[in-house]
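Let me give you the structure first, and then I'll get to my questions.
Which chain is which? They are A, B, C and D, in the order written, and residues in each are numbered from 1.
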Amino acid sequence: MIPLEGQVRIPSGCAVSAMISRDGRRMNGESIIESMVPMHDRSNGLGGGFAAYGIYPEYKDFYALHIFFNDRQCQSECMTLLREYFEIVQDEHIKVRKMPQITDEPIIRRVFVSPMQSVLRHLQIDEKELVVRIVNRINAQLDGSYVFSCGKNMGAFKAVGFPEDVGRYYRLEEYEAYCWTAHGRYPTNTPGWWGGAHPFCMLDYSIVHNGEISSYDANRRFIEMYGYKCTLQTDTEVITYIADYLLRRQGLTLEETAAVIAAPFWSTIDAKPEAEKQMYTYLRNVFPSLLVTGPFSIILGFEGGLMALNDRLKLRSMVVGEQGDMVYIASEEAAIRVMAPDIQNIWSPAGGEPVIVRVKEGAF
Amino acid sequence: MKRYVIIGNGTAAAGCIEGIRSADAEGSITVISAENYPVYCRPLISYYLEKKTDLRRMHYRADSFYADNHADVRYGIQATGIDAAAKEIMLDNGGKLPYDALCVCTGSAPFIPPMQGLETVQNKFPFMTIDDALALEKAVTPESRVLIIGAGLIGLKCAEGLHGRVQQITVCDLAPRVLSSILDDKCAAMMQKHLEANGIRFLLGTSAQSFSGNSAVMQNGETVDFDVLVLAVGVRANTAIVKNAGGSVGRGILVDDACRTNLPDVYAAGDCTEYHDISSDSVKVMALMPNAYMQGHTAGVNMAGGAALFDNAIPMNSIGFFGLHCHTAGSQPEGCEMYEEADDSHIKRLFVRDGRLVGFMLIGHMHRTGIYTALIRNRTPLSEVDFARLKIEPQLAALSAEYRDHVLKGAV
Amino acid sequence: MKRIYVKEQWCLGCHLCEYNCAFANSGMTDMVKALRGKQIYPRIQVETGADGVTYAVSCRHCTDPLCVKSCIAGALSKKDGVIEIDHEKCVGCLTCVLVCPYGAVIEDGSGVAQKCELCMKNSCGAPACVKGCPNGAIVYEERGEAK
Amino acid sequence: MNFYPEFEVVRNDSRCIRCRVCERQCANEVHWYDEDGKVMLSDESKCVNCQRCVTLCPTRALKIVKSDCRLRENANYSDQTIKEIYRQAETGGLLLSSMGNPNPLPVYWDKILINASQVTNPPIDPLREPMETRVFLGKKPERITRNPDGTLDTRLAPQLTLSMPVMFSAMSYGSISYNAHASLARAAEALGICYNTGEGGLHEDFYRYGKNTIVQVASGRFGVHKDYLEAGAAIEIKMGQGAKPGIGGHLPGTKAVGDVSKTRMIPEGSDAISPAPHHDIYSIEDLRQLVFSLKEATEYRLPVIVKVAAVHNIAAIASGIARSGADIIAIDGFRGGTGAAPTRIRDNVGIPIELALAAVDKRLRDEGIRNNVSIVCGGSVRSAADVVKAIALGADACYIATAACLAMGCHLCRSCHTGKCNWGIATQRPDLVKRLNPDIGSQRLINLMDAWRHEIKELMGGMGINSIEALRGNRLMLRGVGLTEKELAILGISHAGE
């Protein structure tokens, strides 16, 4: 039997795409789905997915859990667990469009939850930490249940299939987001599993990633010291945890986080002015195990923005386009040209140079 | 442009040319050469007879030597006089040659004492020049019996050179030992024994009293029949040209450490001079090739306006016969201490005076003797060296560590 | 110019330099053939001081070389800083041995003088003693000229 | 009892040119020249097979071979075992040995293979792309802190910065020579790494290499004083040594001469005996006190290393050390070298470094304290591949000593304890010491490390890793061959093919 995600480390190639409105304008998923079409060959039908930010304005104060269940029993088991820690605000099917390209679907639910204050006081943790812990517990311990999205006012949609089909399957044209990211997957030794598709999310962080990192086990073994469990054994998963650890737990800025994950070379650091040199040296010294090597281009989505980052040698393609308030990012220029046919300003960021886009303050 | 004139074309003259050119690339150099050969070193003529060299290899310098040094050599001409006031020399072809600086390198000539009936001898030769050697070579046959008058350096080297080319060689000398000018009795005896073992016959303490055709009657009454006679009694410095010009002359032309004569702008170098021997602190003629070159070079530098001194001259000789070598240097003044080491095949005698090595005689084992020579030349106090070790073997290890460092860790 | 210098601090007194020298100048390609059963006449010689210190002595290629000035045959000359000996011209008078203050010119066993020529004339290319010294006690380098 | 010598000197007389180099170079006086027969002779019973003569013989006329004169074959009682019994029956003493355990115990490095990138991600060419090997050793903060202006507060606990993850491990001045120390110090400086004084103090000539020096404090406290502690870049408390866990050290009085005795601060000619324990450390709390005493003494400027031998419960010991305030743990495996150790101890005590390292790294991660300390592993790290495997298992850096000695000329004859090292390393005899010219010794060390660095880069590049930190603990890059499930589990790696 071919092992699934979580049973074996799975390297894979991929396509990524993203679009964001700096003005916070919300756009439906049509365009992002179309952007994946010219990159069809970068996927192999074993996984596609999207993350969308700003899609649940009416529920923006609640954590939106997107969950796959293998069956009803799993579902009730999981819901029982959730009720121990959260108030369930809404529990619903995620609407899908039946189509021949997408088969073997699990039960797909969307549950809006709110952490119970008594639990937080009892555990002496904040609500985000509670969400992380419970989600990790479900994913690690509850067979047949898998939470694949757990942020506020955002959500991930993923399945086994080509990304453009997955987008239509989830009827993304019916959602409106100020920021979309998309992923098409080309895993090389897995049959594909719904939970293993990307984006990978943790709270409001979502990662789409194209690449195969060589630092995986160094990163994994380090991050697992801090309560994370890399159950899927995918790059995306570990990178998401790294982002969560550095941004949320350590409070690093996006730029600092980029300087850890795709640290500048020592030759570059040593040539910098003293203060910068000290900062970069410090980050590399303190977080050496979070340096990610090997090819990657990732798009990290978060509430209010995104960051695109290439590995420091730029071993994977990634282009950025800008038009008006829109910023587009994709593995290939062709994808951007689908989203913005008239775009003029397209460039290829250097390896290790983060592209950070933030939505205007108060725009959503 | 300065005009340099050199009288003579031996090694002193070559040294003089090289000395001038080390200081002045421009001036004209004119060399007056009585002999019709480019510079060669006279001691080589015995090696020529021995066939260890030939006329071509005997050239002291490369064929392009004169051209390279822009020196004009006038072969076959002799200088007959110096007009020190007019600063010109007279030539035997009637010409005159003006100079700004003149170096006299006239060398020496065989000294032949008056001997009765010498004129009756047909085949008689001095042994100084290539022409002498060529003539002698022509005269000898495998059957020749050769009588050499003089058991000094020239006579014995001649004997060695002729060895194997003639039937019999007899060497006589008025002195009671061979090489009397450089060896003492004991050393001379060893050398004589070795020469005799190689078939040279000696008549010592006696010389030819009279000649009659191919027969000589010795002072001791013995008669020696010979086919070829070589006259190697001794040499005299060619000083006349300077003496006639009013220069100071003793047994040689008197020069100082800068190789100046007492005539203005007239220098002298080589076998024609007498100069200071530091080992005996006396002025003497030291007709030695190394010194000739060094004097010539010193004179040349000074003639060209440089400043050079040759102020550590000592007599020294390296000579060998039939594989047995002999090195001598310095002097053995009265009352010096002697350290000796000797066996059947070698002798080492070191002479020490006033806490300094002043001379040595070595026969047989010629290893690194220059270290001894340097002790004499440098007047090194023996208190600064490990003389006990030095006596056994010349070695830098016996010299001071500072000297050793200086020699081995830097450029010298 | 480059010369051979010794660092007596590192000389082990192993005498390998002498054998390497003798071999390098033997004109042969096999050391055993060149040296076995033969007396060697190396151009570099290891001395031992009273204090047990050892070091190798070879031609200093003097600025003012007495050997060159004293050679009766004109066989010794200094070219490009290297004092060379023309064996064709040498008649074996050993005057050079008598004048060399460092004992660096020696007789080659057949009556002819020889000395270190920095392996410029053999197939070594660089001084064999330096190459073969196991402890870096002999170096070939530039140290400036004598004053 | 008289044995037939262990080694035979085979001299090819048809190649021998009688240069007598062998004779002059043998401190054991094996060779001599017989004037009468004009022939070189040898007394093989003195030969330790150090290969000095073989190496220096200019005509390759010599070889040393193992004698085939054996006792009757016995699979249970080997020749070695029997001879040791004879020797002990004769002397009543314990047997001494030097260098690392030579017995055929498993070498796990050789059963671990390294990954390389193919197709799905690219190997990186170290000739074309930067390939980084710089490491920092020391405690990392739990949390970052910021200055009032919001910038990062970049102050850190003291760190040791290395240009590559290899250091020269402790060898005392006394056990090895002045020139060996000079070679190590100079090489460490040129390479931007560190060497380690060992327990014999620091010769005053080497204070200038302080930035590249780890000063050791061992149970004998030889040569330890304030200036010494302050001279280095780090202080190492030596609790144990892989070659002889559980016992102290012994420098024979014959080696405690001249500057050695001065540097150790002991009378000339007296035996320097380090006790088995530190008599002020009988527990982990005591260790903590010494760690902080040393930090106090040096105003918290220097990281403190605690070096322990790899023994059975090494993971628990390391966990204790990681909480003791120490900045770096050095673990020394049972194949580590020594200048002298009782044979039985060397050959039977301790565990392999590979297993110890894997266990320690895992334990510290399980406890979430891996960032409290850096891990340095030693005890037979023989090549760049071993370094890469060690880093991938979880080490921050490696200590090498035997390999460093080999670079300086050691031929592993394992006779250090005789003090007659023909290569000028493990000796104090001036005529032997001078055989190691630090110009050469340091250059050879530099060459070796340069070569290793190149190889590490090639191996990393092959794995698609361009900085050493991404290799550290990256056990996915390793696979085992011929290992049991248990061994694989301890090493935390999969079997090849998995």
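What we mean here is this: contacts are C-beta pairs under 8 Å (C-beta built on N, C-alpha and C of every residue); 3 or more make two chains touch, one makes a residue touch a chain.
These numbers come from a predicted model, not from an experiment.
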Looking at mean CA positions, which chain is nearest the middle of everything shown? D
Chain centre separation in whole Å, for chain C relative to chain A (CA means): 77
Dist(centroid_CA(chain A), centroid_CA(chain B)) in Å evaluates to 103
Whole-Å distance, chain B centre to chain C centre, using C-alpha means? 28
Give, as an integer number of Å, the spacing between the C-alpha centres of chain D and chain A. 46
Could you list which residues of chain D touch at least two other chains? none
Where does chain B touch two or more other chains at once, residue-wise? none
Where chain A touches two or more other chains at once, by residue number: none
Let me know each pair of chains that touch one another. A-D, B-C, C-D
Flag every residue of chain D that touches chain A in the complex, lowest number first. 117, 120-122, 124, 129-130, 132, 134-136, 140-141, 143-144, 146, 151-152, 154, 156, 159, 365, 368, 370-371, 394, 463-467, 469-477
Please give the residue numbers of chain C that touch chain D in the complex, ascending. 7, 9-10, 12-16, 18-20, 23, 31-32, 35-37, 52, 132, 134-137
Interface with chain D, chain A side, in the complex: residues 9, 11-13, 188, 211-219, 221-222, 224-226, 250-252, 256, 263, 265-267, 275, 278-279, 281-289, 291-295, 312-313, 315
Residue ranges of chain C in contact with chain B within the complex: 3, 5-8, 47-50, 53, 55, 57, 60, 62-63, 66, 69-70, 72-74, 88-89, 91-107, 111, 143-146
Interface with chain C, chain D side, in the complex: residues 14-21, 24-25, 55-56, 58-59, 61, 431, 434-437, 439-440
